[in-house]
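Note that chain A is present in both complexes that follow, paired respectively with chain B and with chain C.
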Partner chain A sequence: MSQIFGWTGKILRVDLSTGKTSIDDTMKYKDFIGGEGIGYKILWDEVPAGTHPYDPANKLILGAGPLCGSGVPCSGRTTIVSLLPTSPFHGPGSSHMGGYFSVEMKYAGWDAIVLEGKAPKPVWIRIEDNKVKIEDARWMWGKGIFDTMAMISSQMGKEAQVAAIGPAGENQLNMAVIRTGTSHSAGGHGGILGAKNVKAVAVKGTGSVKIAAEKAKVQELDKFMMSIIGANNQMVVPSHPQPWAEFNSPGSRWTGRPGLFWGAANPPVETGVCDPKDMQSVGFRTQKAVFDLGAGAEKYTVRMGGCAHCPIRCHSQLKVPQLEKYGMDPYVSNTCVGWSGPRGVMAAGGGIKEFDGNGADSSVVGNGIGTTMVDDLGVWCNYGQIGRDVKWFHEKGVFKRVLPAEEYASIPWDLLLKGDPRFLIDFYDRVAHKKGELWHIADGSAWIAQRWGLGDDYWDHKDNKLWTRGGYPVHHSNESAGQVGALISCFTNRDAQNHTHQNFIGSQLPIAIQKEIAGEIFGSPDALDPPQNYTRMNEFKARFVKWALVRGRLHDSLTLCNWMWPMAVSPLKERKYRGDTSLEAQFFSAVTGVTKTEAELDKDAERVVTLFRALTVRAMGTVDMRGKHDAMNKWIYTPDKKDGKEIPQFTKGTIQMEKDDLDKGLGMVYKQFGWDEKTGAPTKAGLEAIGLKDVADELGSKGLLPA
Partner chain B sequence: METSDVTASDAPSAVGTVRRDSAAGRLTLLSALRADAARNASLPPAAAEIGQDAPSSAVPADPLDEIGGSGAEDLKRMDGRAETYFFSDLYMTRAYASYLYRLAEKDLVGLVVETVREDSRLYPRPTPLDFFRGPPFTLAQDQLDDILTRIREREDCRDIRECRASNGARYLYSTLHLTVAHAEALTEWNEVGQAENP
Partner chain C sequence: MSESKEKEEGLLGSTSSRRDFLRIAGTGIAGAFVTLTLGCATMVRTQDGKNLKVWATPSGAMVQDPNLCVGCRRCESACTIRNDGKASAYVARVKVSRNLNYGVEGVSSAYALANGQHGNFRIVAETCRQCGQPKCGDACPAVAIKVDKKTGARVVDSRRCVGCGACQDACPWHIATLDPETRISTKCSLCDGDPTCAKACPTGSIKFYTWEEAEKLLWGADATSGASAVSGATA
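== the complex of A and B ==
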């Protein structure tokens, strides 16, 4: 066999039912790139339609791509693929975590780990290079993720990277995570590990990822990448005016500036000027603690952390001594929804308020309590849905109606309504341990709507932010470039988790520059509207949607961080703020030695998008994707009102969409992918053209190809 | 401790001073450059120059000659009411220099009004009032209140309006570039919505 670069060439399969392990050849999946692509191919080939996510016949794939572990910036992500318990038809989906797990997995010699079957009793999997052992997890079962990691690390050493579930996963909660490191959680698949009786997968590797290109070539690419990289989410202007910056934006994640510190470091570290030409200060650009938690978090910030091979470091690592009072570790870390998800549960009472003598620091302490609870118990927030649901169910009397009176009376609602985050301790304990009826809130919106008899008012209430009856919420939807974000949100079975378009529009550059760049990529500046000033659907927006969907799958397959990539923009005036959208292909070619142009690599990712679509068609048992899958909830295209009068769509200041326009947009996107414009299902010809003839054959045999 | 005397040949050039100041985030005042030049002229000549025909008391060089010379094209001039300012656009953008200029000229109404107009036009976005409390402005709340009062009184600032997000945060925008509805929606999104949709 000729030498393989980038990929390790091996996939580890663990049959939990028999305790046997085997090795599979990665290269037979190379048309699907890696990570997410390989995961979907395995689901297609090996998990029959109609399989329940918790059935032993379901498989869970922990995947890395060819760039993972190669040192390419922001390449430390793990993509987990399996069926989604929250989906009402148990559709396919991916969850993602950062940290160091996938890199260590590659160093141990594995591109992916496929968990099959079900262990007869709780186990954890120990992987040390090519030595794989299924270990007894009886002492860990029931424990939180922090203790589990400590127990495994005490056996394998601190270099071991652990992906583990907490009680939520063990109890097969639909909204459970798999977590690695201190703060990297993949939401939605924790219950599947629990159903397989797997507490954790731990890996230690002593190998490396082989790179095809000369060192100098990779270094040159690396240097270029570092010259065009921005702050988290590829925001390329600073939040405060700085001498080097032509532009600024108070909403930017480029918060680093003179006078802003990692205040709890010893001695405190000033983030400083962070001139884009200074590569040594890239890691100071994103002081994420103050961005996520407010100015009060500065003094608690020890440093910023993040994933392997990432210069950005978007996870705030804090020391909050007050947490010890609540029996918690003072060290706490997270980013974005890792903070706002648990905190969102407090929305019913108007958010976290001053409590327990914590004064002005109550918010930071409260956020610490929330994130510690979910990170230990392993509960997923479904991109903030759990908080919106608590608010709705409380306000609308749903809890009062569905919870047994005794249970209802036992819940400390007074804490919630007072804004005291100690409510979260009680709440998450009930949810993770499936106590009473309340825990069903973590079944996911689609299931809970059935169980608790929730009607159209639940789905169609704007503030509930539920995108489709698939039960997942917005994640950079119509508020992000209008139809572009809205349509992206239709091609998923969970929150879209697509930052491709968000990184583009979130760059914080002036709209004229953004439109110019959009024109260069999508053929016309009309691909992008100014914020909250939308125009009707057009062809170029459809191209933008396709690009975002394709790059999202590409990043989750390579595996690169989609919270940074692609590099469409840069902070450099001399480049007219242009980035370089061909960088993924350049890195891919250099690392793997398989030369691909940008268009060729995008085509491979398009294959992954189409396979995902085919999996969804198969899972739903219908070709009517337009009517049964992509149909958006009413609130999205219901005009807002002001002073009793409707605000017409496509006027300044409203992001509400119009149904006919969205329907037209869906058709345009289907066409972009070569799918049937009427149903939105992949066609025989389209599948064959993209190298999925076997998929076409199977769908054809099941009557699932459009006429 | 080692000490060394400063001599005329060690003295910084005006161009170098402006570049250094710009890199440090400061404008350079012409009056300061002239004071430097005068001080340099009164310094003893450098050791190497002793014995040469150095005048016993030099006429200070005019920094403007040096700044206007070739090789200093990056230096930009801004004339204030009583002072002239310089910056190097190698180290400081015009946008930043303009902020500093208005601060130095104590033209706080102009600073706020022009910043708000530019934000409303360029991005477009309303400007949070708190923006002026942070660096490099660091205006106090009572200063801001006073500026807002003066803006309201001025005929030529009628386009500057204030709106509030649902969390109470105050924003300014210019009706030259944003409609009321657009500004209100952007304010709510930037202040509240964005944080809920990370």
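== the complex of A and C ==
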């Protein structure tokens, strides 16, 4: 075998039923890039349609791509692929975590780990380079994730990186996470590890990722990348006026500025001017604690954390001494929905209010309580849905109707309504340990709607934010570039987790500049509308949607962070704020030695998108994707009202969509991918053209190709 | 004056080296005489008959500030890309990964309050101290660890390294690391005076300091990095 660069060349397969391990060849999957692409190919080939996610016949793939571990900026992601328990038809899906796990996995010599079957008793998997051992986990079953990681690291060595589940995963909660590091959670697949009796996978690697190009080449690419990278979500404009900046925007995550500190560092560290040309201040740009938790979080900030090989640190790491009063460790870390997910549960009472003498710091303390609970127990929020559901079920009397009276009376609703976040301690204990009836809230919206008899009012209520009857919510949907975000959200079986478009339109650059850049990428500035001032669907928006979907799968396959990549924009005035959308292909070519243009690499990722679509068709047993899968809930295209009057769509100030326009948009996106414009299913010709003839053959034999 | 004599005098002109030399020799150096000049060091014989290697003073060392480090490990990958043409954590000359989760000390029952990402978030990296009297170099049976003429760094001559791992065992901090893929030892070379790790650091946490500055940062009660000195280890 000739030398392989980028990839390690090996996939580890662990048959939990027999305890046997084997080695698979990565390169047979090279057409699917890595990470997510490999995962979907394995699902297609090896997990039959109709398999229950918790059945031993389901498989779970922890995947990394060829750029993971190579040192390319923002390449520390792990993509997990399996069937999704929250999906009403148990469709395929991916969950993702940052941290350091996949990099360690690559250094141990593995591009992916495939977990198959079911262990007869609780186990954890010990991987030290090419030595793999299935260990007894009975003594740590039932433990929280933090202690589990410590127990494993005490056996394997402090340098081990661990991916583990908590009680939520063990109890096969549909809404459970697999977590690594201190605060990196992959939502939706924790229950599958639980069903396989796998408490954790731990890995230690002394090897390397080989790089094909001369070191000067990758060093030059790194230098260029570092010159055009922005803050978190590729926001390239600072939140406050800066001497170097032409623009500023208060909504920016580039919060670093003179006078803003990591206040709990010793001594406190000033984030400072953060000139984009100063490579030694890139890590100060994103003071995420004040962005996520408000100005009051500054004094609690020890530092910013994040993932391997990423200079943009988006996880706030706080010391909140008040947490000790609640039996919790004072050190707490998270980002974005890791904070707002549990915080959202408090929404029924109007959010966290002053409690227990914590005064003005109540919000920070309450956020700490919430995130500590979910991170230790391993509960997923379904991208914030759990909070919206609690509010709806409480206000509409659903809880009162479906919970046994004794159980209902035992729940401390008074805490919820007072805004006292100690409610979360009780709530998450019930949920993670499957107590009573309440825990079914973590079945996911599609299942809970069936179980608790929820009707159209649940699905169609705007504030519930549910995108389709698939039971997942918005995630940068119609609020993000209108039809572009809206349509992206249709091509998934969980929240879209697509930031390709968001990292572009959220850059905080003036809309005129954004439209110019959109014109260069998609053929017309009409691809992008100003915020809350949308126009009707057009061809260029469809191209934007395709690009976003393709790059999302590309990043999750390479594996790069889709919360930073692609680099469509930059903070540099001298570049007219242009980034470089070919950087993924340049890094791919340099690291792997397999030379690909931007278009060629996008084609590979398009194959992954199409394979995912085919998996969904096969799982649902119908070609009617338009009617059965992509159909959006009614609130999305219902006009808002002001003073009793409808605000017409496509007028300034509303983000509501129009049904005919969305239907037209779906067809245009189908066409972009070469799928059937009527049904939205991949066609025989389309599948064959993109190198998926075997997929076409199988779908054909099952009658799942459009006429 | 012979070259070796000149070297010896140069060495003894350095406060730190002289102090250590005196301590190690156990007696005064009067009467010590040069017996051999090696690529790495000068071999001298002391008054009481001990053979000693005396090393040229390094220009300085890399030191990390745990208060600024964000644990991104860009230093590690940049280091190995420059020095090995591949990305790795294990053979990186700056050691962040191994201390990332639970600090230098490792897991304890008090892990949630101790150093590391699972504790107080403090990330203590270990760097090569370019010791005045480097145990790695003293332990090398192949005389493969030498002084770089430009920087004074203790560097591995890969042509001479026999891959025995004696340097790794001898270093009190286990900084020198045998690359399992090449069976050649790796350690910090100060990158010819332009340290790659420092350039890759997004917070300026890791920097080059003159040897006198580095000594203050790395040893003693005021040390800010690299954990406290290991018992018996000397600069």
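The rule we apply is simple: the second predicted complex is superposed on the first by the 707 of 707 C-alpha atoms of A that agree within 3 Å, B and C clash if a C-alpha of one lies under 4 Å from a C-alpha of the other, contacts with A are read in each partner's own complex, and residues count from 1 in each chain.
Heads up, the rule we're going with is that a contact is a pair of C-beta atoms (placed from the backbone, for glycine too) under 8 Å apart; a residue touches a chain by one contact, two chains touch by 3 or more.
Note that the structure is predicted; figures quoted are calculated from it, not measured.
Counted by residues of chain A touched, the larger count belongs to C, out of chain B and chain C.
In the superposition on chain A, contact is made by A:V337 with chain B only, not with chain C.
Once the two complexes are overlaid on the shared chain, A:G653 sits against chain B while remaining clear of chain C.
When the shared chain is aligned, chain C comes close enough to touch A:G306, but chain B does not. Residue contacts after overlaying the shared chain place A:K684 against neither chain B nor chain C.
Contacts of A:V474 after superposition: chain B is touched, whereas chain C is not reached. When the two complexes are overlaid on their common chain A, residue A:K396 makes contact with neither chain B nor chain C. Of the two partner chains placed by superposition, only chain C is touched by A:G283; chain B is not. Across the interface of their complex, chain B is touched by residues 240-251, 257-259, 273, 292, 336-337, 340, 344, 384, 474-476, 479, 508, 510-512, 530-533, 573, 642, 647, 651-655 of chain A.
Considering their complex, residues 69-71, 73, 100, 103-104, 107, 129, 146, 149-150, 153-154, 157-161, 181-182, 205-211, 215, 218-219, 222, 265-267, 269, 279-284, 302-313, 317, 319, 329-331, 333 of chain A touch chain C. Here chain C touches chain A in the complex through residues 67-74, 77-78, 80-82, 84-91, 97-103, 106-107, 111-113, 116-122, 180-181, 199-204, going by the rule given at the top. Residues of chain B touching chain A in their complex: 22-23, 25, 91-96, 99, 122-125, 127-128, 130-131, 134-136, 178-179, 181-186, 189-190, 193-198.
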